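Next come two complexes, and both contain chain A; in the first it sits with chain B, in the second with chain C.
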Partner chain A sequence: MNIHDKINRVDGISKINGSAKYIEDIHLDEVFHARTLRSGIAKGRVKSIDYPVDYEDIIVVDSHDIHKNEVLMITTDMPVFTPSEVTYVGEPLSLILGKDKHRVIEFMNQIKIVYEEDEGIFAMDACTKAEDIFSEYVYEKGNIHELEYDEIFEKVYETGYQEQLYMEKQGMIASYDDHILTIQGSMQCPYYIKNALIHATGLPDHRIRVIQTTTGGAFGGKEEYPSLLACQLAAAAMKVRQTVSLIFDRREDILTTTKRHPSRTTIKSYLKDDKILGMDILYEIDGGSYRGLTDVVLQRGLLTLTGCYKIDHVQVKGKAYRTNNIFSGAFRGFGAPQSMFALEQHMNQLAKKFKEDPISYRRKYFVQQGDLSATSGVFHEKILLNQMADALIRLSEYDDLLAKKEKNMGIGVSFVPHGGGFTGDGEAAHIKAQVKLKKDTLNRVHLLVSTVEMGQGAKTVLSKIVASTLEIPIEQIVYDDPDTFKVPDSGPTVASRTTMVVGGLLYKAALELKPLMNNPAEIVITKNYVHPEEIVWNQKSLKGNAYLAYSWSAVVAVVYVDPITWEIDCQKLYGIYDVGVPVDEKTLLGQVHGGVAQGLGYGMMEKMESEQGILQHNSFSSYAVPVMADMPKMEVDWIFNPYREGPYGAKAAGELTLVGVAPAIAAAVEDATGFDLCRLPIMPEDLVKEAEK
Partner chain B sequence: MKIPFQLNGEPVVAETTYSMRLLDVVRNEFGLTGTKEGCSEGECGACLVFLDNKLVNSCMVPMSHVVGKKVETIEGFAKSERYQVIEQAFQNHGAVQCGFCIPGMIMAVENLLRTQTVFTEEIIKESMSGNICRCTGYQLIYDAIKTVIQEVVE
Partner chain C sequence: MIQSYRPETLKEALQIRNQIDCTVFAGGTDLYIRKRQWQGAERRFDNDLLFIHQLSELRKIEVSDEEIILGACVTQSEIEGDAYLPEFLRMPYRLMGNPAIRNTATVGGNIVNAAQVADSLPVLFALDSQVVLQSIHGERKMPTMDFVIGKYKTGIQTNEILTHVMIPKKNWTDFYYRKIGSRKQNILSKLSVIVLLEKKNDDLTNLAISIGCVNEKPIRDHEIEQGFLESGAINQLIDQLYDKMEGQNDKRSSKAYREITSLKLIKDYLEKNS
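So, the complex of A and B:
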């Protein structure tokens, strides 16, 4: 096998013919079905819960049944079950177990809960006390305070919730046999779950086993959230000493699992002679009631600033608020879709103000190799933004598009970076990935990694890297769904790190294995992550190289806005991507298209509002995501820009493809309507309001 | 109660109730888990099956509507020759990611082939728009369908 070979997905057939087994498809004879009892209020205390009597077949599992009532994520502020204090609507109070699902529901319908209710906080502006703020960061470059400017151009940008809406709902099965706790389920991060279980159950390492099952999409939605479910189910399985299954129903999944953080970004540009001297940016997000991954999301949102542009004087501040809204969390892009929408829309509005073409305007500020990023780290790699802009102009026939633009049509562009892997020194300081390659006596090569296939193509891409390096047929590769009894911790399946970081380690392991392939014995090669020397980061001051390497995208969107209904039709979308070197072009194409669909939803369809902590859009019918007919005609291409540390030159790809889409669409709608649009998603009713102004 | 119907060509009897959803019966009673539950409100197409040759969202069909009828699921359809053509096209085009929506997509493609004689872009997109896929952005699925149409129809 050669890295340039065109191959089919290694896990394709069973997913097409329906034989792939997702968690809900696993048949169990004797099992307790669990449902979650949840709070009906956003803030207050549970005074009492009256469970019906005479249900001997029903078992209640609550905070008394867990060794340590904390879900270890980054911190431990979230309880597995709240004993009393309620902080959001839908907060878990207990699990109700029964062998007959109908009996469970009958039982639950009779439960009476008495609360003492407090006034909740539902808006970032209402967060006035110190305890309402999870975290605050600030970093600076140059000196924003002593600029001699003519004018300040200031705008405020907002974004709403977005739901991952993976097609397979959250689900898990737990058992406790022979003193081994086993959790199987739909997940991104087997070791996050394992570590959370060690913390919550007090069981030693070797008695906890986490196995991923075929995962029907995740997009960040199965990054931290499943740790909560696993701890709850562990308590249940250890109590009843039998298998317990918890499968969410769709409404429950939408209403109670993590969402993309709502945000507000205020950008002040200091201008002199039509030039941007400096930017002062405040980026704020609503984390909900528990910290979860909010700090890290906030950091990525901040550290991705100032995008593709070199701005000499910068002050960036970030704040994450604690509210009584739904718990916000990981979602493809992880804070960057929000801050990049703000920055890109700001750049468009500046271009508009100066009556310049949005691509030409941006070119003046494109960062280059050797420049300092906003966090004062040197861009070590080659940056091809100008070439990307040229390629985008050719691909989209941009001049022609402009010349032939009809009434009610709009053209918008975006340029965004996305850092691959964990922020700063995260890979070295926290993740410390390890991978193993095992050649067995039949000459099959086993990929031993905790990286999961969740649809993104990890199995195909990582198998291809190893098979190509060993020059063996891909059929000789064995890559089972990760089982923590068998695989080392190669880190979570997040942060677009799979190909670049895990693939990079596997590549090195394969190089080492290659000369040993003729040895008939079983051979295991282990590789540990080594941090590249030139990547220097100070987490305290937020200074240095915020990411290992950046991937880049350049997008043009073409929209038509109906002058009567104000409906937006995104007709065409062109994209140029720098992801280093694509390891598998078919997989990359799928990632790009999928990212476009989610970005399009984020930009102009997926409206999710919350009132008093209750999500108003809670079903497929009220929360519309793109269907085939909504998709624009997509034309995309990539430029090659090999990354030294990446396998075959590959950098990150997964998240990048989403981030630039909504900004390009928003710019196009502005162009079509002439309105200043500063809020996502842009819905027809927003345009009606603008028109009435 | 006992409800007789035909499942993938075989006469069967389900031990269930009239109000039970067809989706639950094929999955739980007969272990045919290729039919998926995505939304359970008739909006996503993950649960599509043929009921007397008509494409239906099985999450919306109570067993009272199934008595004596013919049900075809992905497992049954996968035995046909035409399925092979569709499978190959989906594989070659890279139309599959997480796979959760795919069996439903396959049923919708088969329905398109069974019910239409002309296959314009608009007809294809319209008839596939009851199926939600959160992963692929649909383009490679569309390309796969075009290939299927070329091979089967033209």
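So, the complex of A and C:
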């Protein structure tokens, strides 16, 4: 195997022929089916729950059945089951267990809950007290306060919810046999779940086993949320000492699991002689009622807020609010799709104001190697934004596009960075990844990592890295779904870190194994993460290198806006990507196509609104994601910019491909209509309103 | 326990319908979804069920010089695929749901269900179609636009089955159909518009307009159309249609968007074609 070989996905056939077993495909004879009893109000207290009597076959599991009623995420503010205090609609009160689903339904239909209801907080503007704010950050570069400027250009940008809508819903099965608690299910982070289980159950490390099953999409939706389900199921399995299954229905999944954080970004640009002297930015997000990963999402949104541009004077403030809305959480892009939309739309609007071409205008501010980032860290790597702009202009035949632009057509561009791996010193301070390679006596090489395949191509890419390094056929690689009894903690499958960080460690392990391949014995090589010395980060001041390395994208979107119906048709999309060196081009292309689909939805289709804490768009029919017919014609390419620490020069790719799409589409719609558009998604209903103004 | 009946003939079905308070089940694409409760649990109906999908009497498409007769259990795919049917009839069916739904969803089901978003209703209203309702006592016919009373409400009697839809043949020379949803395929409509024209030597001699999804049932008004045929005043026609609109904002779209857009589509088409 050579790293440049074109191969098919290693998990492709089993998913096409149906032999891959998702959690819902695992049929067990004796199993308790669990259904969640949820709060019907957003804020208040449960005064009493009146469960029907005479149901000997039904078992209720609630906060009394768990050793420690806390779900360990980053903090422990979320209970496994709320004992009384309700903070959002759909908050779990208990699990109802039964072997006959109809009996469970019948039982649940008769439950009576009495609440004492308080008025909830549903808007960021209503968060006035200190307790309504989860976190607040500020960082500065240069001195924004003493600028001599001509004018301030200020705009406010907003984004709504987005649902991951993974094809496979949330689901898990738990059992408790021989004093071993086993959790199997659809997940991104087996060790997050294991750590949450140690915390909640009080069981020692060696009595908890977490096994990932074939996972049909996640997009961040299975990052922190499954820890809650695992803790609930652990309580249930340990109570009944039998297997318990919890599989969500689609509507339940949409209504109660994490969403992308709604946001508001206020950007003030200080201008002198048509130049941007500085930017003062406030980035705000709605975290819902529990902290979850909100703090980290806020940071990722904040830390690259000047994007691809060198702005000398910057003040960035970030605030995450606690409301009684649905719990917001991890979602591909992790705060950046919101803040990069704001920044990119702002840059477009500045270009428009100065009557400049949006690409030419951006070029004046492109960061270069050696410049300081927004957080005053030195960009150590080569930055090829100008070359990317040139490549994008060639690929899209940009000048021709502009020349031939017809009425109601619009052309929009975006340039965005995305940091690979955990923010700041997270990889070294928190994750401390470890990988193992095991060569067995049959000369097969086992990848022992907790990194999961969730549709993104991890198995293909990581297997390819190891097979290429060892120069063996990929068929000799064994990469089973992670089981915490068998694999070390290589960290969660998040933050676009899989290829770059985990792949990097596997590459080093493979280099070490290579000379030993002729040894007939079983050999295990272990590699631990070592932080690159030049990456320096101060988490208190938010100063330094916020990410290990940045990937970059440059996108042109071409739209047609129907002059009567205001429907937006994204006809073409061109993209140039710098992901270091792609280790598998087919996988990268898959990420690009998926990122475009998800970004297109985010930009112009996927409207999800909440009223009094209840999501209004809760089904496939009301929450419209793109189908094939909605996809633009896509032409994409990548430039090679090898990253020293990455395997074969690879950097991050997964999230990047989504982030730049909506901003380019928004800019194109703005170009087509002439309206100032500051809110995602852009819906025909909003354009009609603009037109009627 | 509920009973389910699967008669072999229409006569038998009408007898069952007469004797038993039951839900008539054709394609099931609405009924079945509505009874969803928990994946893996059965969908339990409260009423006895009468299956009619298998009745050959209700599965025919008949085209004559005077009319088109569609059996109630003709599927949407069958309409879509029948080259003898006019395009203005096939197109709305072709744009409904997705292939799997269209393969089982029926002509009659979409009428009797009478959803606000039922895409077959505007075209059936515009074509002055009639529904045929049968019971053991005989049959009655009424215009589809009178049969549908409102959202999920029709004039069907508990002993009746909707068996056919009759569409009188007219000399339409041109038509315009547009369905607007939040994506290009497989989506419920925000609104839909159909306009049919008959022109003789460039003179407009007949016209039918229907607008779906704005009100609880599609808008169709013969008087307004007649007025336009006499006056040719497009703005007046648009104003009169606007006066018929009584929609609401909902999660799919806004009242303003539906009203403004449907009227603009009609106006634009008529300005270019009438």
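The criterion applied here is as follows: the second predicted complex is superposed on the first by the 693 of 693 C-alpha atoms of A that agree within 3 Å, B and C clash if a C-alpha of one lies under 4 Å from a C-alpha of the other, contacts with A are read in each partner's own complex, and residues count from 1 in each chain.
By our rule, a contact is a pair of C-beta atoms (placed from the backbone, for glycine too) under 8 Å apart; a residue touches a chain by one contact, two chains touch by 3 or more.
Just so it is clear, the structure is predicted and the values come from calculations on it, not from any experiment.
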If we overlay the two complexes on their shared chain A, which of chain B and chain C does A:Val627 touch? Say first, second, both or neither.
both
Scan A:Lys259 for contacts with chain B and chain C and give back first, second, both or neither.
neither
After the superposition on A, what does A:Lys439 contact: first (chain B), second (chain C), both or neither?
neither
Touch check for A:Asp249: first (chain B), second (chain C), both, or neither?
both
Examine A:Arg35 and indicate which partner it touches, taking first as chain B and second as chain C; both and neither are also allowed.
second
Spot which of chain B and chain C makes contact with more residues of chain A, would you?
B
Quick check on the superposed pair: does A:Ser19 touch chain B, chain C, both, or neither? Answer first, second, both or neither.
first
Is A:Thr565 contacted by the first partner chain B, the second partner chain C, both or neither?
second
Considering only the touch criterion stated at the top, classify A:Arg332 as touching first (chain B), second (chain C), both, or neither.
neither
Chain A positions within both the chain B interface and the chain C interface are 24, 249, 621, 625-630
Which chain C residues qualify as touching chain A in the complex?
37-42, 44, 178, 180-188, 251-254, 256-257, 260-261, 264-265, 268
Within the complex, which stretch of chain A touches chain B?
8-9, 11-22, 24-25, 27, 164-168, 214-219, 249-250, 454-457, 586-587, 589-590, 592-598, 619-621, 625-631, 634
Complex contact set, residues of chain A against chain C
24, 33, 35, 101-102, 104-105, 247, 249, 564-567, 605, 607, 609, 616-617, 621-622, 624-630, 683-685, 688-689, 692
If you look only at chain B, which of its residues touch chain A in the complex?
27, 31-41, 43-44, 46, 73-75, 78, 83, 86-87, 90-94, 96-103, 106, 125-126, 128-142
